[in-house]
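Several structures are given next for inspection.
Here chain A shows up in two complexes: once beside chain B, once beside chain C.
The block that comes next holds the complex of A and B.
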């Protein structure tokens, strides 16, 4: 019917129902129900964590746990492991990505695919293989966790670094520095690292986030990290464990949500101002934009890793 | 998926003639430089040796070890016994349960996630859209312990939602529901699968042009017909590709199930976990490896299907 008269087609924009969309009632209904499903567990665990005697609210379960020396020690271990993993990630993946883009550009796609392989082998299976293939002395050291997290987080960290490297005019930068007499070490230190700052930071951030939350491998290899200690506490005192996990969750959510919400803005503003992304809001916005891009919705049309960020399941 | 793509990449090794012609035509020489000799050709790969070695030691060696142990007795001789043991009794049941859990939670999340994506694409409110996509990115990355605790706190035996519902006269635990069962796990898994689906489907839904709807209406289609003959077929490849991702994600998940049910639920990752922790029958030490091989096979099939479907889905998103 609408098609019979031209004016009606022209005003069709005002009627969202004349396309593959939902009307206002239906879409509000759907979004409200979804919001309930996602917010109720969060609110419930916050309430559960803060529950005192006779319906009062108290922070005692949280504060009690921060006097738990075993838990604090496990937190230190987790932080050490995650920083180690991030350092190895940068040292290993940045030169690799630079080399691939410089010397073997034909292999770029293949490298992207190879770095996605850790997603195909479930973590429990990797643990089985570690017990089967590695000497017991290595399996007993928590250093192994840092080494493995580098591989497990690689689908995300390599993407972050490689994206940055591909965005550079690598040949020009390297040729220029080399012709001015810089050695390779100097090229990396004074040209590439500064130019890749935001990509490197986001790769490090993603690796740290993965390592801090990883439970399956740490638990099955019998290491005491923050998540496994939390699990132990949870078997006896669910309230307390919930308190700490809510605390950790809110912290992570806050950081991620802030990065996610403001990340795109920094980049977009920079683009609008005609500046390369990153000169606009300094390193925080840059990092945010990078994390945002890797988590997946800054550039929704991009195929590949399916918009999945580091998971800790 | 990666393997097929790898095979499709042309080898950088060029014919001798081509390589010899290089210096004669310096203007045409590619910037990567064409290797002139076999040595130069090999040197070109030198820079990725550390990466390849690292990757091999920490991922390939363990994976290959699982696959080979699956066919070995404890003494190292070839046997099919592990495989047959893994396809019997409780282990077979655990595969069925795992497939059931992953299929149901992935299917449910896929359908509901698509509905949410359509609802989101329908709002003209840019801020609302931005908040929901950001929230989806965050929720898609939850899982593991915190999520398990959050659901125990809300829908557990003494959870807050359970209390509210029973105060209203309908205690879900009196009606066969429990968060500590497969049904409960489906509810929990949807929490991180559904937002992932929203993120993946949103570009596809945005790609559904109103012109197509109008063209269908011109040809006399009702709303339902337009969806059935245009909307759904266009979304189908993206939907199915995403379904594979959700399935894989649910199938491989260990931490959430372990924390929620304390290892009592018979799904494959939990079974492997309990075998690793030493609950092994004599003579079945390598059954865990056979289960691991089974997981790799299932995930590899899903990943291959994904790669195929993703290729088709990309067509409509240009």
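The block that comes next holds the complex of A and C.
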């Protein structure tokens, strides 16, 4: 069997690869150009942030950040909101995805469309809707911002969860656990959550990353969050703003690193669970790109071009 | 209630002393159950009683409703009407987790994040058994299915047959009142399937547990079950011991579904006989009332057809299959009729593909039915 199938596989793969294959020199060249494209602005920003008088280097701009209580408070607020948004996302979207796949499979496509809506509805429209729909007291609460981020991050977070749910043999696992005596809470706690761990972490990270970087909604609703405060600093103190920019990039890198570490763990689990490793890798790569895109839209060093990522897509 | 800490040895000793465990051997009844999916009746006034400790196999083609019947008993499928009783208690409205059943599925259903040991102990964990009890019981069950050495392995490290063995151990670990087997062998290769089939039956007999086994494989059903139920269109066509279902089918569907038959046009003759293939054989006792001269189809088992090499015969051998001691021979007859016959391999040397043969019906036909119009 293997001998018979091997040439077919090889042929199928060889054809496109032969068309697009680059030589080693060209590949290195592309890599160098791409690296320069990304690294030069970063290094320039870092140098600018650390540059003192007469060509010396100083950490004063960086240390100033940690003495800015308003900035630190805004960071705490953003972290709280983003963690809240992540918790709500998991509590809401995981049961939804499980239920849709289990009991309403015909609604799967509809759900995919519904969860994409936040990408096509401009944030300003959402904000106007909120003002019209909720009393002023609720609109003024950061809880509302967390709820909004759940919705705005949903196009990414729902897919992360739904992909994991669809990769499971959901019906059989649920039926097996139910027949062994598990109530629904136990099915979720003991079977589904452990087997969806990687997907749930991905969804949580996406939501956290999105919430930490979101500017437009917070600004329009007059909340002081990390991105809005960065914007404020950027308009007044360019040096500090650049330092914050570098700091935010390091933070982004940290999130991505954590994601890839968790993803690696997820990959091992996926392999253990009999899932194809590529599937877990694919999710991690996709999520890394998503997080990069989401975080990248709030570049504090260049306040004039702060965008809301999703509406730009 | 069965002893919570009781070992399998203890259970076996109890049985040896003639005492039955409370949990094993309960009566199961499905009464007038109905389940519709749109216009399709998956269960159509379906009734089935499984006696204590009995293994009943539900056999039928895809979509006949056999899995729906099993799922209705498990509580995984709600019935539109009817009553489900386990051990005399009406469980119709009870969710599956409160029916105290063990179930093995067609698909590999082990929890991927747990070892074989943890999988087997899962039901006990839900029942809040302490860890040492859980582990001891799980090891006993794994030992029972011959997988004690694989206790620490994850499902993906086990073969298909091993996974289904662990699934069986997991289902039995909770000391279920009824064991439900939903085509547990269909994903396995033939050799493993035969081994596991014998193993399941051995364990079922040892534990004396009432079992419903759903399969589309008649060999499995006939070899394992105390009684076989043949289903079609949501209804139970016949329920009886394997030999009865095989030898005395109640209708043409059962006759054609269970075992191999050839359908041959015939005419009812005088004196409860039927004229077929140029010969005359007796009608089955249960069908002796057919009026003489009536055109019918007779269903004949391969062993009821004698095939002989004959240059002047009207039959033409179109296929031969060597099956060790016997040979299956397919013969084309005039009128676009094909019959399947079984010959001893030792006497089939002249019956080769393309040779002319004569075919004769011997013994009694399996079933006599209304003629079916042949395609032009």
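Simple rule for what comes next: the second predicted complex is superposed on the first by the 213 of 313 C-alpha atoms of A that agree within 3 Å, B and C clash if a C-alpha of one lies under 4 Å from a C-alpha of the other, contacts with A are read in each partner's own complex, and residues count from 1 in each chain.
What we mean here is this: contacts are C-beta pairs under 8 Å (C-beta built on N, C-alpha and C of every residue); 3 or more make two chains touch, one makes a residue touch a chain.
All values reported here derive from a predicted model rather than from experimental measurement.
Asks: Just checking: does A:110 make contact with chain B only, chain C only, both, or neither of them? Give me first, second, both or neither.
Replies: A:110 contacts chain B only, not chain C.
Asks: Determine, under the contact definition given at the top, whether A:70 touches first (chain B), second (chain C), both, or neither.
Replies: After superposing on A, A:70 lies clear of both chain B and chain C.
Asks: Of the partners chain B and chain C, which touch A:219 in the superposed model: first, second, both, neither?
Replies: first
Asks: Look at A:140 in the shared chain and tell me whether it touches chain B only, chain C only, both, or neither; answer first, second, both or neither.
Replies: neither
Asks: Go through the superposed model and pick first if A:96 touches only chain B, second if only chain C, both, or neither.
Replies: first
Asks: Looking at the overlay, what does A:167 touch: chain B (first), chain C (second), both, or neither?
Replies: Neither partner.
Asks: Have a look at where A:59 lands relative to chain B and chain C in the superposition and call it first, second, both or neither.
Replies: In the superposed model, A:59 contacts neither chain B nor chain C.
Asks: After superposing on the shared chain, does chain C or chain B touch more chain A residues?
Replies: B
Asks: Looking at A:179, would you say it contacts chain B, chain C, both, or neither? Reply first, second, both or neither.
Replies: second
Asks: Which chain A residues lie in the overlap of the chain B contact set and the chain C contact set?
Replies: On chain A, no residue contacts both chain B in one structure and chain C in the other.
Asks: Give the list of chain A residues in touch with chain C in this complex.
Replies: Spelled out, the residues of chain A in touch with chain C are 169, 172-173, 175-183, 186, 190-191, 194-195, 269, 271-275.
Asks: Per the contact definition, I'd like the list of chain C residues that touch chain A in the complex.
Replies: Within the complex, chain C contacts chain A at residues 74-76, 95-98, 100-103, 105, 107-113, 122-123, 125-127, 154-156, 167, 170-171, 174, 180.
Asks: Which stretch or stretches of chain B touch chain A in the complex?
Replies: So the residues of chain B touching chain A come out as 1-3, 5-6, 9-10, 12, 31-33, 44-45, 47-48, 50-51, 54-55, 58-59, 61-66, 69, 112, 115-116, 118-124, 128, 130-147, 149-156, 159-161, 190-192, 194-196, 199-200, 202-203, 205-206, 208-210, 212-214, 217-218, 223, 226-227, 230-231, 241-242, 245, 248-249, 251-256, 258-259, 262, 269, 272-273, 276-277, 288-289, 292, 295-296, 299-300, 303, 310, 314, 317.
Asks: In their shared complex, at which residues does chain A touch chain B?
Replies: Going by the criterion above, the answer is residues 1-3, 9, 12, 16-23, 26-27, 30-31, 34, 37-38, 40-42, 44-45, 47-49, 92-93, 95-96, 99-100, 102-107, 109-111, 113-114, 116-134, 147-148, 150-151, 154, 171, 213, 215-216, 219-220, 227, 230-231, 234-235, 238, 241-242, 245-246, 248-249, 253, 256-257, 260-261, 264, 292, 295-297, 300-301, 303, 306-313.
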